[in-house]
Amino acid sequence: MMEWIKTTIVPHFNFWIYVVIMMLGLWAAIGKNNLIKKLIGLSIFQTAILLLYVSMGVKEGASIPIVDETMGEAAVDFMAQGGGAAGATAFPINPDLFANPLPHVLMLTAIVVGVATLGVALALCQVIFRDFGTLEEPEILNQIQTIQDDV
Amino acid sequence: MQKLFATIAVIITGAILLNAVEDFPRFGDPHSPPNSGVSGGSVSSSVHYLQNTYLDTRVPNVVTAVLADYRGYDTLFETAVILTAGIAVFAILRVVRRKDEEESTGSEEKACSGEFSTSDSDGEGRHRVVVGTACRVVVPLAQLFGFYIIAHGHPSPGGGFQGGVVLGTSFILLALAGGLGSALGRLREDMYLRLACLGVFIYAGIGLLSLFFRRNFLDYGALSGLLQTGGEEMARSHGIFGVELGVAMTVTSVMFALFANLSTRGELKGGL
Amino acid sequence: MSEHLPVIVVLAPLFGAVIVGFFGTRDRHLCFPIALTALALSFVCSIGVVHHVATVGAWDYFVGGWESPHGVGIQLRADGVNSLLLLAIAVVALLALVYSIRQDGEKDAEKSPFFYVLFLLLCVGLFGITITGDAFNVYVLIEITALTSYGLVAIGSSRRSRVAAFQYLVIGTVGASFYLIGVGYLYLAVGSLNMADIRTILAANPEIANSRIIGTALVFILLGVWTKMGLFPLHGWLPNAYSYCPSGSANLMAPLVTKVSVYVMIRILFGVFGLGVITENPGWSDLVVLIAVGSIVAGSVMALTQREIKKMLCCLIVAEVGYMVGGTWLGDAGRWGLTGSMYHILADAMMTSCLFLAAGVFAKQFGATRLEHLSGLFRRSPWAAGAFTLGGLAMIGVPPMCGFFSKFYLIRGAIDSGHWLYIVALLGSSLVNAILFFRIFEIAYFGEVPESSESSEGGCPTRGRHAAWRTAPLLVAAALTLLLGIFNRPVIDLIRGTVVENIDIVSMQE
Amino acid sequence: MILPLDIILLIFLVIAAVVALKLRDLLGAAMVFSTYGFLICLIWAEMGAVDVAFTEATVGAGISGALMIATIFKTARKSSD
Amino acid sequence: MENSIQSYLPLWACLSSLAAVPLILLFRRETFLREAVTILAGIAKLCFVLAMLPIILQGSMIELTLFGGGSDGLVPIAFRVDGLGMVFALVASILWIPTSIYSIGYMRGLKEHSQTRFYVFFAVSLFATLGVAFAGNLLTLYVFYEVLSLSTWPLVTHHQDAEARRGGRSYLVHLLGTSIAFVIPAMIYVWVKSGTLDFGVQAILANTDLSYVQGLALLLAFAFGFSKGALMPLHSWLPGAMVAPTPVSALLHAVAVVKVGVFCIIRTVLNVFGMDLLGGLGIHLVLCWIAAITLVAASLIALTQDNLKRMLAFSTIGQLSYIILGIALLTEHAALGSILHIAMHAFGKITLFFCAGAIFVATGKKQISELNGLGRRMPITFAAFAIGAASVTGLPPMGGFLSKLYLVWGAAEAHQIALLCAFLISSVLNGAYFFPVVYRAFFLPEPEMDAIHADGACCVHGWREAPLLCVLPLAFTAISSILLFFFPSTFYDLASIVLHGGVANP
């Protein structure tokens, strides 16, 4: 048992937690009755995906993905002095020293998409509350069943 | 019933996801496929970014460069998503008043826009001296900080999004402290809607400029002649900055728009 | 400029949207011309793309000029299939736009510019999804499409439209997130986001291609796009969302959003995973075809029970999605199923557009939203009726409408691969469609004209002013439904060029 | 990346998520949700994703919570589950 | 035989009636112009068909491929005129002209509503009929077949009352249902099996290894799928469709629609399976027996009918099975007779329908039992009826005799005595249900005239024929039936071309 935990969970701890959080969020998004609760669940669900992506880009012992300016300048100088395109190879930046930037970029987008969705969803909640006077899904569905369509 | 269904769905999806986790590379492995690529394909793009960003764009913050240049096409649409959210919230929630009514409140707001108003525009007259004073100190600082973040996105964390949100927050702070009217006095509704559109326009317009130099869309390098930067790298750097400005504009206005609409149920009167 | 056509197709509506947003609030009369110009530009450009693809071949465009190394920048790729889809999107969007001229402005005049902004942004999303060659870019564009759709559904006048929009939002977000998870797993396994690049890597590394991570990625991407397209067990949101939204939006969303999701599935399958996924796992492909059959059956049965025209059409969309998913997963050696699905994407876009436009005309001009209301209606509005009839016949699959030819190739694929159940479902749903539509034709052509409606017709204020603007796009859509069927050969040739020749080309890079 | 910090934060994160979903008082839930956003922002920072952390701090811990609280003020505060 | 000519003639022949549609719509207020357009289109169509006739008689073929030239064995829309198609096209386009004239008289005489719609769909259905006749591959055939089903639906439901709708519903369910459920899969299966759908010199399936079961399933799918041929369990739409106005019944249910059904079945037998394959597998006998049962049963049912048009409908079902049985026998003379019977029966049966319509226009009577003594009032009509009846029964000197002769000969050739008996029994039954009508009309006394007097306007003693425009066409077709006995050479030659690939010298 301990062995299994050691080989399976520990090296992938982040990934296990991401699944747990995601399932919490998904469960709330589908199963909760209150619309705001659904949205909280949805947001948690989305952040779990961010956790997946960012966890992918983590490197042990690496720094934040802002490259050392001096190293870059050295390469630029080298190129300016006729080194040509070999600058990158002459003054290589060791990629292992910096976290992977691509997942970060992607997740910036995802965060923004998340807040946009949340804004629209909250606006919908308010309109629904204005129309039905409640935010509980079963009650809303009940009212829809009983009312005549007011097209 | 619904909960049962949700539980079953969650258990199944969770099981599928966890099943694959075992095959994942170790957490923090610097040589996992995303971090260093696999054989057979092209050079791993993330390695390429780390090694070449500074040479290509003179931007030390790789995330900013990738966001606005290498994957600028994504970010353009990300900005469009923000714009969409602003427009959609307006379309869904906004209760449109009559023209004359709007104008009268507009002029009223203009009148009080010169100085910091401590009372709500709908005349509840709540005194918020402490909050008001604090805001008077904090809001300019927040705005300054927002501009700093936008401008300093090249060498340090930050950029158009973060700065835009901070700027938007400063207006929200204003609305919280002095009532929505005082915030709207500084950023009127038609203004922020136009500003949001303008932000996307600036972004896409900068991208479009390179088409006139017979280069591909969003290739800021083409602007070197126009900007007199000497090399394409600096042109890219400037291009990234211009684009970030556009992003910031959209994000600022939409964040404020979202709050303004949501906090008043779309009536843009009163406040929380 | 002609070398930038692929990107201009996407940009034209984006610029249109921001310009409408900027100037439209000041002068509402500018909105429609600007939107029309933008979409017309897209239309012209997509014709250019189709022409280029037909004469030269697939077209790669690297945004930002980041061509090498592969996968650093974002790649757009137009081939024989998606260029045609671009054209179809442009056409359907133009028709829907002309139909919706100022109709939403009459009630909420201040909001009408924003209707156009959302409309154009939705087009941006659809164009973008279709042409992009980057797996993550698809996600961003899916979200644009989704957010605009939520907005467009929610501006309906009915209370139900808001609830429908909320349900759509929750399910749609979960679907898009599933897609994002799938892309994440892909990236985790191969370290690239460019579709062509991933394809190369998977082909070169069979041990990666057969790993559990890739399998899970496929499952989640499929779940995501299936949710988005409303395949059978995940279809719950679709009928409500599309039938309660205002007809101006329904005309754009119903024909296109699901089709584009189907295209994403096809693109991911043959552009990223390779069709080996289908042909080498007959068990899985049987399962998916079974799901598709379920979708066809469920859609047809639901449609039979509906008395509301729009809802009935929405149920049919579920069935049509089943056709396309099933056709894609048939896995026959000659790829006829795939050909049929791709052709059906175009055909279905046209005929759904035609039917929804017609339903919109009936609802707007005669207040007819239910089958009973149609009684005798076709005599009063013969042009709209004729167009609706053509659309219905295409849906049934009567030659020479386009619906027939897609079924023809789909069945060919199914016979080749021995999926007899699928054939039975296909033919059965054709018969159900025949019953549905001829029921309508009978009521509408031969039913008595109700007495009371005469007066309401006279009292209907919108009739005279915008009737022509509503009917004209409908007639065009009907004509295109017919023409796409009659001239199916060039279309099929172009599709087959891509499907048969390019599909096995593992690497698209130099 | 600091593994012990990582583990602690993640456990807190799960707790915050559960609490946010369990609270019947929506205002409380929204606040816990903001806390959740803040925690996850810390996790990003700890993992070296500073830009994401920055965005999450402004968006997740800031704007999202504010929007949610605004909505709760304008609608109902109690939830049935 | 192998020489084929590229020409647009078949396309023009098809389109000439379709081109009339906008003109008809344009002149919907000017009834005279509208009808003139219909007739002119008919003449134009006939001219195009006649222009092709000499080419076909020389043993050449006319081919035209639209949207072709693609790669990898896709199926184009193609036209191909051969002897069989020519026989059918000739019959259809000749008979369209008298039918048009007749329908003018009929529709005006009864002051029918929606006449424009009637003429429009009439023209469209003729377009589709010629399309079927000239189809160059199975797909084209199917396309036009479906167009025909749909374009005749508004004609069948022309009266728009409950009965018409019921008839129309059963019409569609049968025709669309069977074609979608049976023909599409069968057609695509053929495509999968052989890789082509083109009708060529060789039958499509000639070189494939069909098993007995596969072949039988395919043959039955085609035979029942083309249910316009009204083989027995799927025949009930035809009597139901008799609610249509009589010109529709006449042209469409004596010539166009039902003949398209049998034409398609003949095409299937000759060009899809090929006689050799069918004979080799022995599955043709199944089809033979189905047809034989149909023809005897339909004749028996016809005996019991009182409604004149229903009787004619059942008679049609029986005669169609003659044609199917003839081709399914797979002997030379039977096939010859079968192809000839398409023409002969068309002329005979259309005369009978014209007569039924003329009687209805003149007297409003639909039942056979009401016809007593009418022959003396309407001598031309009933003389024509007698001629038509004789032709359909197969008595000399009418055209029908020739075709039936060949059919019986063919059955004898095939040593199928039982089937030969079926032919003979059915022919006797034909006589048994037709001649009582003639007998009643000419020899039984008229009933009391009071009821007719009460009608007022039209009650003039003595001659009381239908309008001239009704009588002329039926006289024409009746005389043609006789002439065909003496001058059958054109049809005979065409039929021989089908079977031998050249003009046979009898």
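We just call them A, B, C, D and E in the order they show up, numbering each chain from 1.
Note that in this section contacts are C-beta pairs under 8 Å (C-beta built on N, C-alpha and C of every residue); 3 or more make two chains touch, one makes a residue touch a chain.
Please read all numbers here as calculations on a predicted model, not as lab measurements.
Q: In this assembly, which chains make contact with chain A and also with chain D?
A: Output, common partners of chain A and chain D: B.
Q: Measuring from CA centroids, which chain ends up nearest the centre of the complete protein set?
A: Looking at where each chain's C-alpha mean falls, the closest to the middle is C.
Q: Select, from C-E and B-C, the pair of chains that is joined by more C-beta pairs in contact.
A: Looking at C-E and B-C side by side, B-C shows more C-beta contacts.
Q: Measuring between Cα centroids, which chain is at the maximum distance from chain E?
A: Ranked by distance of C-alpha centres from chain E, the top chain is D.
Q: Please compute the C-alpha centroid of chain D, do the same for chain E, then give the distance between them in whole Å.
A: Those two chain centres are 78 Å apart.
Q: Could you give the separation in Å between the centres of chain B and chain C, each centre being the mean of its C-alpha atoms?
A: So the centroids are 30 Å from each other.
Q: Where the centres are mean C-alpha positions, what is the separation of chain C from chain D, in Å?
A: 37
Q: Distance between chain A and chain C based on Cα centroids, please, to the nearest Å.
A: The answer is 28 Å.
Q: Out of chain A, which residues touch more than one other chain, so two or more?
A: Counting only residues that touch two or more other chains, chain A contributes 13-14, 20, 26, 30, 33, 55-62, 64-66, 102-104, 106, 108-109, 112-113, 115-117, 119-120, 122, 124-127.
Q: Which chain C residues touch at least two other chains?
A: 136, 140, 143, 147, 150-151, 154, 162, 165, 181, 187-188, 193
Q: Once the touch criterion is applied, which pairs of chains come out as touching?
A: Once each pair is checked, the touching ones are A-B, A-C, A-D, B-C, B-D, C-E.
Q: Of all residues in chain E, which touch chain C in the complex?
A: Of all residues in chain E, those touching chain C are 67-68, 70-72, 74, 76-77, 139, 142-143, 146-147, 150, 154, 157, 160, 165, 168-169, 172, 176-177, 180-181, 184-185, 188-189, 191-192.
Q: What does chain C use to touch chain E in their complex?
A: Within the complex, chain C touches chain E at residues 393, 396-400, 404, 407-408, 411-412, 415-416, 423, 427, 430-431, 434, 438, 442, 445-446, 486-490, 492-493, 496-497, 500.
Q: Considering the complex alone, what residue numbers of chain B touch chain D?
A: Counting only chain B, the residues touching chain D are 28, 61, 63-64, 67, 149, 157-159, 161-162, 165-166, 168-169, 172, 255, 258-259, 262-265, 272.
Q: Can you list the chain A residues touching chain B in their complex?
A: Touch list, chain A to chain B: 8, 11-16, 19-20, 22-23, 26-27, 30-31, 33, 55-62, 64-69, 71-72, 75-76, 79, 87-88, 92-93, 95-96, 98, 100-106, 108-109, 112-113, 115-117, 119-120, 122-124, 126-127, 130.
Q: Which stretch or stretches of chain B touch chain C in the complex?
A: Those residues of chain B that touch chain C are 16-17, 19-20, 22-25, 32-46, 48-49, 69-74, 76-78, 80-81, 83-85, 87-88, 90-92, 94, 96, 190, 193-194, 196-198, 200-201, 204, 208, 211, 214-221.
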